[in-house]
Every structure is written in C-alpha cells, then in structure tokens.
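Each remark here refers to the structure printed beneath this line.
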Amino acid sequence: MSSESNKPPATDHRPLTTVTIAGLKLKNPVMVASGTFGYGEEYSPYIDLNRLGAIVTKGLSIKPKMGNPTPRIIETPSGMLNAIGLQNVGIDAFVKDKLPFVRQFDVPVIANFFGNTLEEYGEAARKLSDCDGVHALEVNISCPNVKEGGIVFGIDPKAAASVISLVRKSTKLPVIAKLSPNVTDITVMARAVEDAGADAVSLINTLTGMAIDVRTRRPRLANITGGLSGPAIRPVAVRMVWQVANAVKLPIIGIGGIMTADDALEFIIAGATAVQVGTANFVNPTATMEIIDGLEKYLIDNHIADIKELVRSLNIQASH
Amino acid sequence: MYQVKSRVIKNEEVAEGYFRLSLECPEVAEKAGPGQFVMLRVGNSYDPLLRRPFSIHRINKWSGIEILYKVIGKGTGMMAHIKAGEGASVIGSLGNGFSFTEELGEALVVGGGIGAAPLLALAEKLTGKGIGEERKVIVFLGGKSKEDILCVEEFKEIGAEVQIATDDGSLGHKGFVTELLERYLGQPQGTAPTRIFSCGPHLMSKRVAEIAKKYNTPCQVSLEAHMACGVGACLGCVIKVKGSGVRGQF
Amino acid sequence: MSSESNKPPATDHRPLTTVTIAGLKLKNPVMVASGTFGYGEEYSPYIDLNRLGAIVTKGLSIKPKMGNPTPRIIETPSGMLNAIGLQNVGIDAFVKDKLPFVRQFDVPVIANFFGNTLEEYGEAARKLSDCDGVHALEVNISCPNVKEGGIVFGIDPKAAASVISLVRKSTKLPVIAKLSPNVTDITVMARAVEDAGADAVSLINTLTGMAIDVRTRRPRLANITGGLSGPAIRPVAVRMVWQVANAVKLPIIGIGGIMTADDALEFIIAGATAVQVGTANFVNPTATMEIIDGLEKYLIDNHIADIKELVRSLNIQASH
Amino acid sequence: MYQVKSRVIKNEEVAEGYFRLSLECPEVAEKAGPGQFVMLRVGNSYDPLLRRPFSIHRINKWSGIEILYKVIGKGTGMMAHIKAGEGASVIGSLGNGFSFTEELGEALVVGGGIGAAPLLALAEKLTGKGIGEERKVIVFLGGKSKEDILCVEEFKEIGAEVQIATDDGSLGHKGFVTELLERYLGQPQGTAPTRIFSCGPHLMSKRVAEIAKKYNTPCQVSLEAHMACGVGACLGCVIKVKGSGVRGQF
C-alpha cells in the first residue's frame, strides 16, 4: 500500500522513448545489429523499418569481400557460431545498390565498416561520409573472423585508439567504436577509444568460439573458429556494459543476446543508452517491434516518463 | 513473405517417427508454391535457438499448409509435442520453388525418404493439369525400408503413378530409387516434354543429376543446408537470392 | 565400401581409456569439476565414485569461508551464473571430516584450493600435501568471485606465474593450474604457468557474467556478478583448449559445458587429455557415468584402441 | 535417494493452469515421505537447463508418486506437454519432510495456492492415524480465486475437514486463509497435542508463523528457494544439510 502511493501518478502522455547517441537522435533505443539484418531490405516484408531506432548495416569494406567457405553458421546451446568472414558487397555497391532502398525510410542508417589495414579504415570512413544517407559510422575493430590482422585492433588498446583517431579525423559523422568482448578488461578498451575521440561505444561483438564434429574430427565451421552470439552470451554482455558504464562517460549501445524487451531493459538499466538486436532477428524477425512495444509498456507500467531515467539505474544496494 | 502466429490444426504421427503438421495460415498458403519452404518455430525455448526449415508438403489455398517431418533432433522432437490449438510461428513462403510450364507433358518426380515431403504439393500441381492437356506424373519413391516410403496413397489418389524402391527390399524394388528412374528412362520415350524433379539425400540427388544430364534438366531441392535466417539476411548459406527470397539449391 | 575396408579391424579387447596427467594415472579421463560435486559424498547415492577418473574437491582455503549472501545461483539460457563466493569448510575440516569419506573409494582426489594472498597459496599447498589421500593439487587462480585481489592472479601472467612457482616449491604433488577464460589471450597465461612449473593446466573456469531483475532494477545475484557455466560457454571453452593445445606441451584438462560424451570428445579432439564435468552434475548426476560409457563406445565404434590417440586429433585440413 | 528414468502414467490438467503428473518410480515412492520433494527434468533441451523442484503430492507406495504443479514458466510449460508413456527423470526423494509423532491429536494444515501440493500426502499420512488413536485433521486452503483452491475433494475423501478462503470471495471465506486459522485457534481448544503444518507463498508463511508462535511450532515448506542441485552439492541454496539430503526451509 505505502509503496504504491509513493509512486508518481501514471503519466497522461505516452512516455518518451527518444534517445540521443553521439548527436544522432533516435525515435527509440532499439537498433538492429550489424550482420544480422542484411542491408535493410531482407526483413522489410516482415517489419516496418520506420519504427526502428536505427539500422546498422552489414559490415562494409572498401572492396567487396567473398567471405569464408561454408559451413559458416552452426547452432550451439542457446546461441550460434558464425564465420561469415565479413562477406559484403563493398562500399561502392552498397551506396549504389543498397542505400537507395533504406533511404526511402525515416530511419537513421549507421554504416558498420572495417578495414584490413589502418589506412583502409580511414579511406572507408571518408567514402561513407561522402555519400548521402549514412548518419553515423560504427567502426568494427573487433571481428574475430578477419585474419589479416584486424583482430589486433580489437584487443589492443593502442591499436584501437589509432584506428579511432584516424576515423575521427576522416569524418564529420558520429563515430561509434564497436568493442570486442575477447579481452581481459573491456574498460581499458572503452577508455582508449573514448580518449581517441569516439562519440559512443557499442558492445559486445561476438565471443570467439569453436565446435567440433566428433564423427569426422573436423571443425564444424570451415573457418575453424567463429563468433558466438545469441542468448547464451547475454550475461557476459550485460556484465561488460555495466563495467563500461562505470568507467566511461560515453553513451553505450548494448548488444548481446537480446531477444525480448526484458533483455533490452537489462542492458539499459546496466548502463546502455540504446541497444542492438542481432541474432534475435533470425529467430523472430518481429523481435525489434515487440521490444519497442515492450519498452513502452514497461515505462507506462512503472510510471517512468522518459526512458533516459532508466539508463544506468541499476540499484546495487544490498536488499536485506 | 509473412511471419505469422499460426494455429496448429493437427499434428499426427503418420508413420513411425514421421509426423504431419497442419497449420492454419491462409496468408502463407495463398502465396505458396510447391518446392518452397517455411521457417518454423514452436515453443519459447532458446535451445534449439534457430528456426527450422521445412518444405511445404501440401497447400490448402484458403486455410493453410501442411508439413511432413521426420523427428531427428531437438527441434523436430519438440514439434512432435505440439498439440492442436497451440501456436507455431511460421515464416514463409520462402525460396523460388519448382517451376514448369503448361506445356510439360511428363513429370518424373523422384523422392528419397523425407524428400517426398515437398513432392506431394508438386504432384498436386502437376496433376492439376495444363490448359486442356493430359500430363503424365510418375513418382519414384525410395527409402531404407518400407517405413520410409511416405505418402504412397496420397500420390495415387491424385492420379500419379507410383514406383517404389527400398534398400532392404521390404517394399517394391530392392535397390536404389535412381535405378527405377534409369530403367524408366532407358525405355523408348514419347515426344512429350519431360522434366525430372527430385528431392532427397545428397547422394541420391547427385545420382539423379547424373542420370538427368543425359535426358533433361533436373530440378533439385536440398534438405541439408544449414540455415539461420532463411531470408538472405545472415549470409550463412551461400545461396543465390532473388528479391528477398532464398533460392535453395535448385 | 572402400572407406569401410580401409578401417582397421575392430579391436578384440576393450579400448584403453587410461590417461596420465602430471604423473597421476586415471582410469579414464572423466573427472568432476570443483564446486559442482561438493566434497564427494553428496552424489555418492547416485553414482559409483570408483568409476570416476578423479574427484576434484570444492575450492578449499586455509580458513573456512562463509561465501556470499543469497541469491547465489540463477539460471540463464543454457547456463547458470553462480556467486557462491568460495564457501568451504576450510582445509582442516576438509581433512578431518570430508576426506575420510572419499578415501574409501578407489579414486584419485584432486584438491582444488585458493588463497587470498600469495603466501596463503603456499601455506594451503603445504597443508594439503601433508595429508593422506590428496593426489594432486588444482590451483584456482581464476575465481571471479573473490574480491580480495584473487582475481589478479587469474588474469595477469606474472602474478599467475608467481603463485604457481610458490605452490610448485611447496608441494611434491602434481600441480594443475586452473585458468580463467576472462583474458585476452589464454595462451599467454598457459605459457606463464608452464614456465612457472605447472604440471598441467585445466580450463576453463567460469566466464564473468551478470543478470538484472528488471522489475526491481537490482542485480539477480546478491554479489552483482557471477560465473557463467554450462552448455552456453562450451564453444568458448573448446576454442580455448584448442588454442592452448597449440601453444603449450602440458597436458590439458578441458572444462566447460560438458553434458555428454560427444561434448567431452570435442575437448579431447581439440587437445584435452582429460575433462571435467561441472554444471552437468546438477542437471544429471549420472552424466559422468554416461560420458565414461559413451567414450568407450565411441572408441569401439571408431576402432580406436587407445583414447590417447584421440587427444589433439583435430583435422583442420579443408574438406573440399 | 535415487535418480530414475521414470515413466509418465498420466499428466492431466486438473484446473486451469494446474496439472497433476503421475510418475512410475517405485524406488522413490518407497522411501518418500510427505513434505519431501523431487528434482524433475523432462526433455533434453538446455533451456531451461536446471532441474525443477516439486513437492511430492501423493505417494503410491508400490508404484510411484504424483506431482501437482502450476504452469508458470519455461520448465513447467514443457512439463505440460509430456504425454503418458514418455520419460521423465526424477531425483528423490529429497529433504527431510514433515515430521510428527504418533501422539499428535490434532493437525492444522494450511495451504496457499499451489502450496496445497505437498499437503495431500501429509493429510493422507495424518489421517492414516496412530496406534488405535483418533486424530483430527483440518485443512485450511487459501487462494486468489476459486480456481486456485486445489484438491478439496481429495482432502475430504480421506476424512479431513476443509475450510476455504479466497481473496475475491469466489469460494468460502472472503479474505486470507490465515484468518480462518486464527479464528479456529481463538476458539476454546481441547487438550490433544496440536501442530500446525503449512506450505504456501512467503507472506502467508510469515503470518502462519506469527499465529503459530502463540500456539505451537509451525512447520513450513517453502516453494520459493532457487535450487540448482537439490542435494547440497552446489551450495547455491544456504540450507542446512543433513546426510546428503537438503532440508528446505522447515
């Protein structure tokens, strides 16, 4: 009774769900994660793209990339391993063939990209900044499937900082650094990219994993190792978001195994200003819509007028 | 393409380890064609996590579709527990499916084991006939044993001729189903345009392709691809994508 | 046909399943993991302890430890988070009250232990070496739930090496270093403990994770973070075992999400000489027995005379 | 204590959202006592991963046990799909259970919602009587609404008196079940040794304990502990362990 009456009265208006990440205003904090939503068109028959907070593209590179041999995807308990190998059409074809489709919609487009060398990161950033319809850049320094040295950027704070500084200099767009979870201390990486000029961090990318076919005694992925995603990794992702929230001031985009609104709320309460939904798109193409609705319902049910009040609201006082 | 919460009409074991699932999903049914597939999900467990692909076994235009499936692992094991009235999430119809023209005079339909599943919808369309034309449909069914020979009655009912082969000889010809196909093609042929359609295990498909090379274009559906999304979004299966549909290995 | 006839004839005898880890001979490679099997007695009504490769005890310390407040355990997708806080009866009580029970069985006992300081590691090692019935020591340098500084040992190669050197000097028993997966490069840790004198490495301990109750906006574990175990982490564990197998010569004990014989085989093929079964004990107390039977069946079915042939047998040649 | 692959005899919905599961497991049944529990697992999915604890609802000495459960999440949702003839893995019986002596003359049994589950086995033992002695058993059942009042007929059949309270007044007294208990204890009492047994939600148990303080030792079973192993091996639940059995919050 008494706790009920302490609550503020239910708001008359719909709660505010808009958030701003690095100057980019989003209708709501729910984006789709890179590599899990194609270039935007693939899921357009199933959901209204206008309702998304933002669309993050498949990881792009200067040159088109064929990716790895198959099998590229296998299922694991409550997760999946992928070793797509960053297959993509290349930035030029993206701008020419893919961007016009998503530009039709009222949704910010965040271009996820990577380079095989430091210089390529700069060049890609410049190219993407020049085209019409890209609203922010997400720098993938963390893909575990590139063998050309890309991995180094994601796990070494100095290398990560050098990539982000260069990208920062090469674009006027907001720069989001996407962090790898395959590190001892994610806060060191977050601080490094913060100092190097990133406007936001997104985390986590996939955990490196592996599975073996015991009949053939061969790896189940042609690439041997791959990236683990899905609900299995969510506890690790939430922990890292919480750690980073306690270490840097940058806005955080939380990613990893988000399937439902409650999952998204875990990340937001832990410290994320926005979230990305990845593997869930495959399982349930309407997951993002359900999450957006679920967040709004949570705000109403809990008498919260603005979703920003939830960000970093974790209460760690012992309860007894 | 739609994602629908469909209602289970029936889910019955039609042979040891094989189930037929009837789903109410008029939107999907309306656009569905033989050789296409759906991505299915039942329950809310994350293990298994991914949807499972199933061929459209039968299309009931105004109400829904049927799936014929074999229980082999966790996903199909859970499907076997679904009861009438419960929900199942369906994405479909996906893939380009089988194609043929009105002129087609003779269809040789080859199925191995659960590969028979998509062939019933195909045979129904094939025997539906062209504009006033007579069309011959022969269905060749193969399997390990007689339990693995599916839908014989259903194929016969719609007017198809059925030839059977089993590895152990427990039903029909003892040997491979492709031997029946070869025997048939070895006989003197008419002039009607003929086409081979097949669906089954990898080795069978390979053999069909070899045989077909001499005679015609084969058209194959593989049930062995690992798919995460089924719609071309994950790039997990290296398949040609047309529009937003996945082409499968046709 | 031809591939069939290429196989060696089925062995007349039962295949060999014995393995040797750091001089310790095990009937078979299947142990129970620390903290998931109590002190041995708890599961004795359900399985025949004599059949186990070895029993690893709950983590022991010089002084008894109360552990963390509850909730200490929560379920996550295909996994669980625990923050027991290394509750244990202390080495003296272990020797007096617990060891006599397991000593009745014909099974090696591996004492898992930890210290809050470097000195405590040495003292604990000495104490455990003096008592009758402990056959090897597993040094937990990696528990994420000790806040007194214990975590440092597990993620810093120099600190890990200093612990292992000291333990090495303090005992004649085989020394197994248990590694944390919460590091950028597990091979660096493995090499450090190899150089410091470890006889074997066991990996992985739990991944640090976290979960939030979105109704109360509190952590679901009283300790805030906990250790993720179970099938969810298996792909990460298999990957790390494979990496370590390529980096050190030490025998490896593979741990992480092993539920079935096939899971155990993944680790063995990747490079583990033995395995430990943890969370699976809770789910299926007879898991170890089924795994032991399953390994033997695999050897017979695959015409392998000795399980040692399987260790590090992963074939990474491209198949097409 | 045993781990057995038990066969499902029956799994039927006894009230909206409540199921009764009959399991063939003579070994477990033989040693089981009221207030004890089993750790159950159905299917082979890893989500949910852990076993679920359920009180022993009824003991059929030579054949097996019954569980009464409420469907609330993934685990119980899967249980609701299990069919007769299928397998379920049972570990039990665990916990020390309810205890009383032959001399007990009057038993006041208080159950809230699904908390009624273990009380039937208890009532059956209580009404089984002592050595030639008469014993009075009153069962107080509470719940949100009449649908949450379970096993009334079963309690009556074995000769217990049943008093009912619902929050919404849809059955029996409108209010808390503990009000019925208090009213009863407020009346003039006989001299027979009396004991209160209770099982239900946390708040109810607390109130029972307060009431009982004045009159007798309460004996409570909590259904709200989170358990991973149930046998004292994980130290996840901070409970007193006796032998290798978990004591629960008695």
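Quick notes on this structure:
As written, the chain order gives the labels A, B, C and D, with residue 1 at the start of each chain.
Here is the rule we use: a residue touches a chain if its C-beta (ideal position, glycine included) is under 8 Å from a C-beta of that chain, and two chains touch if they have at least 3 such contacts.
Values in this document were obtained by computation on a predicted structure and should not be read as measured data.
For chain C, the chain whose average C-alpha position is most distant is B.
We define each chain's centre as the mean of its Cα atoms; on that basis chain A and chain B are separated by 38 Å.
Work out the mean CA point of chain A and of chain C, and you get 33 Å between them.
Distance between chain centres (mean CA atoms), chain B to chain C: 47 Å.
Contact of a single residue of chain A with at least two other chains is seen at positions 77-79, 230-232. Chain contacts: chain D has residues 46-48 touching two or more partner chains.
Interchain contacts join each chain to each other chain, per the touch definition above.
Interface residues of chain B facing chain C in the complex, by the touch rule stated above, are 46-47.
Chain A meets chain C in the complex at residues 69, 76-79, 81, 155, 182-185, 207-212, 214, 216-219, 222, 224-225, 228, 230-236, 238-239, 242, 257, 262, 265-266, 269-270, 298, 313-316, 318-320.
Those residues of chain D that touch chain B in the complex are listed here as 43-48, 74, 77-78, 81-83.
Residue ranges of chain C in contact with chain B, taken from their complex: 77-78, 231. Contact residues of chain A toward chain B in the complex are 35-38, 41-46, 58, 67, 70-75, 77-80, 82, 84, 87, 230-232, 259, 279, 281-286.
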